[in-house]
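What follows is subunit A paired twice: with subunit B in the first complex and subunit C in the second.
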Partner chain A sequence: MTEIIDIVKGYILEEFLPGENPDELGETTSLITGGILDSLATIKLVAFLEERFGIAIQAHEADTEHMDTLLDIAKLVQSKR
Partner chain B sequence: MSTIATHATQETSASTPGRVNVVPYLLVLLQLGILALVIRQFQIESAAFLRLTLVAIGGFAVNALLPLSWRLPWFALLSLSGIGLVFGLQQGAWLVALGLLLIGICHIPIPFWARIAVLGAVAALLAVQRAEWLPAPWSRAIWPILGSMFMFRLVVYLYDLRHEQVPASPWRSLAYFFMLPNVCFPLFPVVDYKTFRRCHFDQDAYRTYQIGVDWMARGVLHLILYRIVYYHLTLAPSDVQGALTFAQYVLTTFLLYLRVSGQFHIIVGMLHLFGFRLPETHHRYFLASSFTDFWRRINIYWKDFMLKIFFNPLYFKLRRIGPTPALVISTIVVFFATWALHAYQWFWLRGSSLFVWTDVAFWSILATLVVVNAVYESRHGRARTLSRSRWTLRRFSGIAARTVGTFCTIALLWSLWTADSFSAWFALWRGLFDGGLGRTTDLGLLLAVAGIAAVRGPAAGSPGVRGSARPRWTRIPWSTAGTIALLLTLAALGTARVYSRLGPQVASFVHSLRSGQLSRGDTVMLERGYYEDLIRVDRFNSQLWEVYMNKPVNWLDVSALGLDRFTGDLRQKELVPSMVAQTRFGTIRTNRWGMRDREYERRPAPDTYRFALLGASTVMGWGVSDGETFESLVEDRLNRERAGAPFARYEILNFAVPGYELPQQLATLERALEFAPDAVAYAAIGRDLHGSVQFLVGAVRASTPIPYNFLRDLLRRAGVDASMDETTARRRLDPYRGEIVSWLFEEIARRCRERGAMPVLIFLPQTYTGIWEQESVEALQRAEKAGFLVLDLRDAFRGVDTASIRLADWDAHPNARGHQIMAAHVYDAITSRKDAIFVPREARQ
Partner chain C sequence: MAATALFSTLEASAARLPDSIAVEEGGSAAAAPGSITYRELVRLSDRVRDRLRRLGVQPGDRVGIHLRKSIDSVAAIFGILKAGAAYVPVDPGAPAGRNAYILADCSVRTALVEERAAGPLRAELERLGAGPPLIELDTVGGGNGLRAALDRADADDPAPPGTSACPRPGDLAYILYTSGSTGKPKGVMLSHENAMSFVNWCSEILAVTASDRCSSHAPFHFDLSILDLYVSLKHGATLVLIGEEIGKEPMGLAGLIARHRLTVWYSAPSILSLLCQYGNLERHDLSALRLVLFAGEVFPVKHLRALQRLLPAPRYFNLYGPTETNVCTYYEIPGRVPDERTEPYPIGTACAHVQTRVVDPDGATLPAGQEGELCVTGAGVMQGYWNLPESTARAFLVDADGLRWYRTGDIVVEMPSGPYAFVGRRDRMVKRRGYRVELGEIESGLYRHPAVREAAVVALADAEAGVRIKAFLACREGARPSLIALKGFCAATLPGYMIPDLFAFADSLPKTSTDKIDYQRLQELP
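And then the complex of A and B:
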C-alpha cells in the first residue's frame, strides 16, 4: 500500500501540482472534492494507474468513492492486483 | 439513547457519529428560527414552502435527538408527510403510489435490461398522460413534482444499483426519491445516489448542520438579490438604447440565474439539517476564469451527473482512439445530452415539447468553447494548489482579465439563450450601436447586486468542509457569526417598523422585495400569452414558466372554440355571429350581430338608454358563463332598480373582443355607433399605452392596412416599417406612445360626440399587481383631457383577496365573483354620475 501511495503521490505532484510542498499532500487529502482532480485530471490519472500497475479501471470507478484520496486510490489499485 | 452531549462529555462524544452538543444544537435552532422569520417576512417562494420549512425545523429538532439508526426512517417519513402537507392526502397518496411503482420496478428480480424495458413502458404511459392524450385520475399539479423527483434520479439510481456492491435499503430509497424539500421545488438538483448514501452523518454532526444553515441563509440572500434584479433592473429588449442599457440587459439576464442557485442552496442546506453532507451545488460561478471552470462551478450536480452517466462511460470506451479525440467526442456528447435532457425535463414539468433554435445555438457555442478549453487544459494543464497561494499583482491581473473575459462571454451567450429569436438578439446589438453610450440610472444598484452575488457564494470556509476536529464551545466561529449577522440584518430589514423609517424610497424598495410577483416584463408576457403561443414561456429563463407549469394544455382558447374569425382590416378579428361554445367555465353565446350578449335590435326602442361597451377579453367575459359578465349584471340591475328613473329601459351592448387594443377599439367604434348608442363606454384595464404600441408594431409588421392618416404619418416619423424586427420597431415607437394614445382617445371622443353619444371611460382594475398600475394614471389623464367622462374604479378590488377572484394563476381574468364585484362598482359609478350620463339625447345635442 505504502509503495502504491508513494508512486501515485509522486505522479500527482509532478503532473498536477508542480512546485507544491509534498508534505501538504497527505493520504487523506481530498483530491476530487478538494478540486485537485477534475474530470480531465482524473482520466489522466486513470490512464497512468492502468499503465503503471497493469490493471483495468472501470468508468464507474473513476469517482469520489474510489479516487478521492491517495488511500482510496491505493485500495482500488490493491484490489485489482 | 440521547444524542445530545454536554460539555463534560464532549471528548467522549467526539467519536460518536451524529452526536451534537447542547449549545451548538440550540445555536442551530436559534438560527433556523430567524431564518424561518426571514422566509415569512420576504414570502420566499410560496406559503407551502414556509410550512415545509417549519416542518423541516421541527423535524431537525427531533432528528438530532434520535439514535442514528432511526434518523433515515425519520427523514423518509417526514418527507412523505411533507408531500401530504403540500398536496393533501389524496393527491399526495397518488404521488407516493406512482413513485413506489417506479421504485418497485427497479427492484423486480428480473434481468437488468428487462427492468429497464418495464420502466420504459411505464414511463411512456405516464408521458402519454402527461401530454394529456390520455386522462389521469390524479391532479395535474403533481406532474411537475413527480417528474422532478424521478426523471433524472431514476437514471442515477439504476446506474448505481447496477454497479454498487451495497444492498439497497427501503428507507434510503424512499428518502432519496421523496426527499423533503423536493415537494416545493420542481427545479431540483440531480442528487447523486451514491453520494447521498455515503454522506449521511459521515462527519461531525454540528459541522454538517451549520453548513446547512449557512447555505440556506445564502440561498435566501440569493433569492432576495434575484428579486432586486427581476423587479427593478431587468429591461425589455426594446429598452436597449446605447452601451449602458445593453450592458444592463445582458448582465441582468445572466443575474436572473440567482433564482436557481438560491433555490439549490436552500434545498441542499435543508438536506444538511438531516445529516446529508452533500457537496455544494454552485461555487461562485460569476467568478469562473475559463469556460471549463464555468462548467465546473455552475450547477455542479448536473456536471457530475453528466460525467457519471455520459462522459466517463463514453470516454472509457473511446480512449483507444486516443485521449484527445475521446475527450472531444465525449464532451460534445455531454452537451448534446444536456440540450436534449433540458427538453426532456421541460416535457415533464410543462407537458409540452421544447425546440428553440437559440437554445440549440447556446449549447452548441458553449460546447465548442468548453471543448477547445478542455483540449488546451489537457495539453497544458491548469494551475492547482494545495494551500492558499500568494497573490501577486501579475497573478491577480491575469486571473482578473480571464474572469472578466469569461463573464462577459457567458453573459452575452446567456442573452442569446434568453432571446425570443436570433433577430431579436441581433436587434439588441442594433440598440447598442444606434444609441451611443446611452443612459441608465440603475448601474450602481446593478453592480452592487452583482458584487454581492459574486462573493457570497457557498461558504468554502464553513466548519466541516476542511478538517475534522470538533470545535470547542468557548466562542462562536466567525462563519457562524457571519450567518447570524446576515439573518438578523435581513430579519430587521424585512420588518415594516424598521424599513418604514428609512425614508419613502427605501421603504417602498424593501416593500417591493417582500412578495413574489411577476415583473413588469413577465406581466406583459402573461397578457400576451392569452392570445399568442409564447415561445419564451417555454423556457426556464422567465419566472413565468412556473406560473404556466400547471396550466392545462387545452386552456381557454377563443380560436380553438371557433368563436372568432379574421376580418382583414385593422380589427384583425371579430366574434362570429350566432355561435355557441361550451367552455370549462360555461357557455359562450354570440348574438346575430357577433356580440357576446343577448339579442338586440339595431335601433333602440323609445325611452331606452343604450350603452355601447368596448373592451377586450375581461369585458367580453373570458372565463365566465353567459349572464355572469359584469356587463350583463349591470344591465339587469339597471332595469331592475332604475326602470323609469329616468329611462324606461337600459341596454348595454357588448362589443368587446378578446385581445383588442385601443387602435382596434377605434376601428370597432364605427360599427358600435351604427346601433345608435346614447353612450359609448370604453372599459380600459391599463394596457392602453404599451398595448397600443405593441399592437401597431404587430400590424405594421403584418402589413395590415392602417386606415388613419395620423397613425400612418406617425409611424413614418418614428421610422417603423414592415421589414423591421419587433424589438427595433418597439424601441422606435415607444417614445410616441403618449401621443398615440391621446390621439386615439381624442378621435374616439370626437366621433362619439359627432353622433350624439357620450364618451365614457370605465377604468377596471386587474386581479394582480403589475404594469397596469403604473400606466393607469397617465392613461386616465389623457382620456379625461380628450373629453371622456372617466369612471375610475382602480380601487374596486381593494381589500379583496385577488387570488380568489381570478381564473387561475396563469390566467388573471376575473372569475364570476370578480365580475360580481366589478358589476357592483360599475353600477354605483354610473348611478353616482347619473345626472351627467342619463341625459336625454335631445338635451345632449
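And then the complex of A and C:
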C-alpha cells in the first residue's frame, strides 16, 4: 500500500501541484472534492494508474467514491492487482 | 396563444404519442435506466403545477430547481412553466453559498431541492435573509423522488387539480445565471418567445422526428439544455439524460451513446475532444448518430478532424451564441476537415429568427472584412439581467429605429464567403469546458481568502485543455497558503470549472501608472 501511495503521490505532485511541499499532500487529502483533480486531471490519473500498475479501471470507478484520496486510490489499485 | 408557451412542446407530443418514451435516464451499463412516457410526464408535471399553486406560486414568480438531472428535474421544469412561473436551475455541484445567492437574488417563491443539499442551502439562504419554503425530495431518479414528495404533501394538504397558465410571449420562462465580472453571478432572463423562436428555428434546420433519440449532456443551468429539452420533446423524440458524473467521463460516455442508440448529440466541444482521445470510440457502434452539434467554445480543428475520422457518418454543426441570445449563428462543417487545415471553422451566418451586424466601438456598422463586435437583435434576444438595470442598459445598443441590439462582446469578422469568423473577446471573459468564466469572478473569490492581499487571474491557451487558468497572488507576510489549501478554498467557494489550474506567488503584483494590475507585465512573471 505504502509503495502505491508513494508512486501516486509523486505523480499527482509533479503533474497537478508543481512546487507544492510534499508534506502538504496527505493520505486523506481530498483530491477531487478539494479541487486538486478536475475531470481532465482525473482522466489522466486513471490512464497513469492503468499503465503503471497494469490494471483496468472502470468508468464508474473514476469518481469521488473510489478516487478522492491517496488512500482510496491505493485501495482501488490494490484490489485489482 | 398556447403554442407560444414553452410547455406546449410537451403537451402537443403527448396528445399525438402518449405512450412513447419521452425521457430516459442514461446511466452506467449496470443500472437499469429509468424512463417515462409522454402521458406520464404530462401527469407528473401537472401535479407539480398544482402543488406549486397550492404553495401560492403565481404567474410571474420564480421557482428554483436544485436537483440532479433526472426525470424528476424534467417534470419539475415543466410543472413550474405550467404554473406560469419562471424556473431557475442551479448547479447542484456548486457551493451552497453561490446557489443560495442565486435563489435569493431572484427571490424565488419556492425551490425543489434534494434532501442531501437542503440543510446547507437553507442555512445559506437564512444568512442572506431569505427563507423560501423548500420542497424536499429524498432523492431523484425515475420521477420517484418527486412522486413521493408530492404524495407526502398531498397527504397533509391535497392540491386541487387546476389548468395550466397562458403565458404571454414576453413572460419569463427561465433565468440562467452566468459568471459575473463583479464577482456575483448574474441572471439572464429569457422569455417563452425567446426560447420558442429558437426551438422553432431548430425544427427547420435539424428536422428532428419521433424516431430520434437526443442527448441531454449539458446540465439544465446551461443554455445548451434548451435545445435538448424542448426540441426533442416538441417532436415526440426520446430525450436521453446524461448525468453530471458520467457526462465528464469519456470512457463511459462512448458506451452510453452506443447503448442508448443516440441519433442526435449536442455538447460543448471539450467533451468531444476527450471522447476522441480517451473514449475508445472504435470499440463501440455509434452508427445511429446522424447529427453532432457543438457550441460554447472554439473546437480545436485537430480534435474535430480526429472525431470525424472515427465517426464519418453524421453531419456536424458549429452553433454559436451567448446565453443572452442562445444560438444566433450556425455553420455546417462542409464534408471532411482537410489534413492541412489549422484554423478553426467559422461561427457561421445568422439564424432565421434573429438579425446580426458587426459594429465598431461607437456602434457604427462595419462592412464585411473588418473586425468588430457582433451584435444581435430579434426574437431570441434576452429580456435583460435580473435586477441589474445598469448592466442591462450597457448590454444593448439601441439603434435609430429603437431596435435593441445585444452586444455579444465577441469580436468577429465577416468573411468574403459570408459567414462570420470568431476573432476573440473584448473583455476578460473566457470559455472553459463550454462554461463562460469571468476572470474577475475568480479574482473576487480569491480575495475572500484571509491571507490574500492581491490577486490577478489570466487565461493561458493550452493545446490539450483549451484554456488553463493561472492565478497570481501576493499574500500577507508569512501567511502564504499551500497550493492544496488554496485549491480547497476555491473548491468551497467557486464552481469547479473556475478553480485555477496554476498558482504563482509574488511579493506584490505589477501595476500600471494608474495603480491598476498590469496584466501585460503579469504574463511575464514566472
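The rule is simple: the second predicted complex is superposed on the first by the 81 of 81 C-alpha atoms of A that agree within 3 Å, B and C clash if a C-alpha of one lies under 4 Å from a C-alpha of the other, contacts with A are read in each partner's own complex, and residues count from 1 in each chain.
In the analysis below, a residue touches a chain if its C-beta (ideal position, glycine included) is under 8 Å from a C-beta of that chain, and two chains touch if they have at least 3 such contacts.
What you see is a predicted model, and the numbers here were worked out from it, not measured in a lab.
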(Q) Looking at A:T29, would you say it contacts subunit B, subunit C, both, or neither? Reply first, second, both or neither. (A) both
Q: For A:H60, select first, second, both or neither according to whether it touches subunit B, subunit C, the two together, or no partner.
A: both
Q: Figure out whether A:E20 sits in contact with subunit B (first) or subunit C (second), or with both, or with neither.
A: both
Q. Where does A:L45 make contact in the superposed view: on subunit B (first), on subunit C (second), on both, or on neither?
A. neither
(Q) For A:V8, using the defined touch cut-off, is the partner it touches subunit B, subunit C, both, or neither? Pick first, second, both or neither. (A) neither
(Q) Going by the contact rule set out at the top, does A:I73 touch subunit B (first), subunit C (second), both, or neither? (A) neither
Q) Between subunit B and subunit C, which residues of subunit A are contacted by each of them? A) 17, 20-21, 24-25, 29, 33, 35-36, 38-40, 43, 47, 59-60, 62-63
Q) Residues of subunit A touching subunit B in their complex? A) 15-17, 20-21, 24-25, 29, 33, 35-36, 38-40, 43-44, 47, 58-60, 62-65
Q.
Going by the contact rule set out above, which residues of subunit A touch subunit C in the complex?
A. 17-21, 24-25, 29-30, 33-36, 38-40, 42-43, 46-47, 59-60, 62-63
Q | Parts of subunit C lying in touch with subunit A, wherever the complex brings them together | A | 28, 30, 245-246, 248-253, 255, 274, 278, 433, 464-465, 482-485, 487-488, 490-491, 496-497, 499, 501-502
**Q.** Residue numbers on subunit B that touch subunit A, as the complex places them
**A.** 159, 163, 194-195, 198, 279, 292, 296, 307-308, 311-313, 315-317, 319, 323, 327, 374, 377-378, 381, 384-387
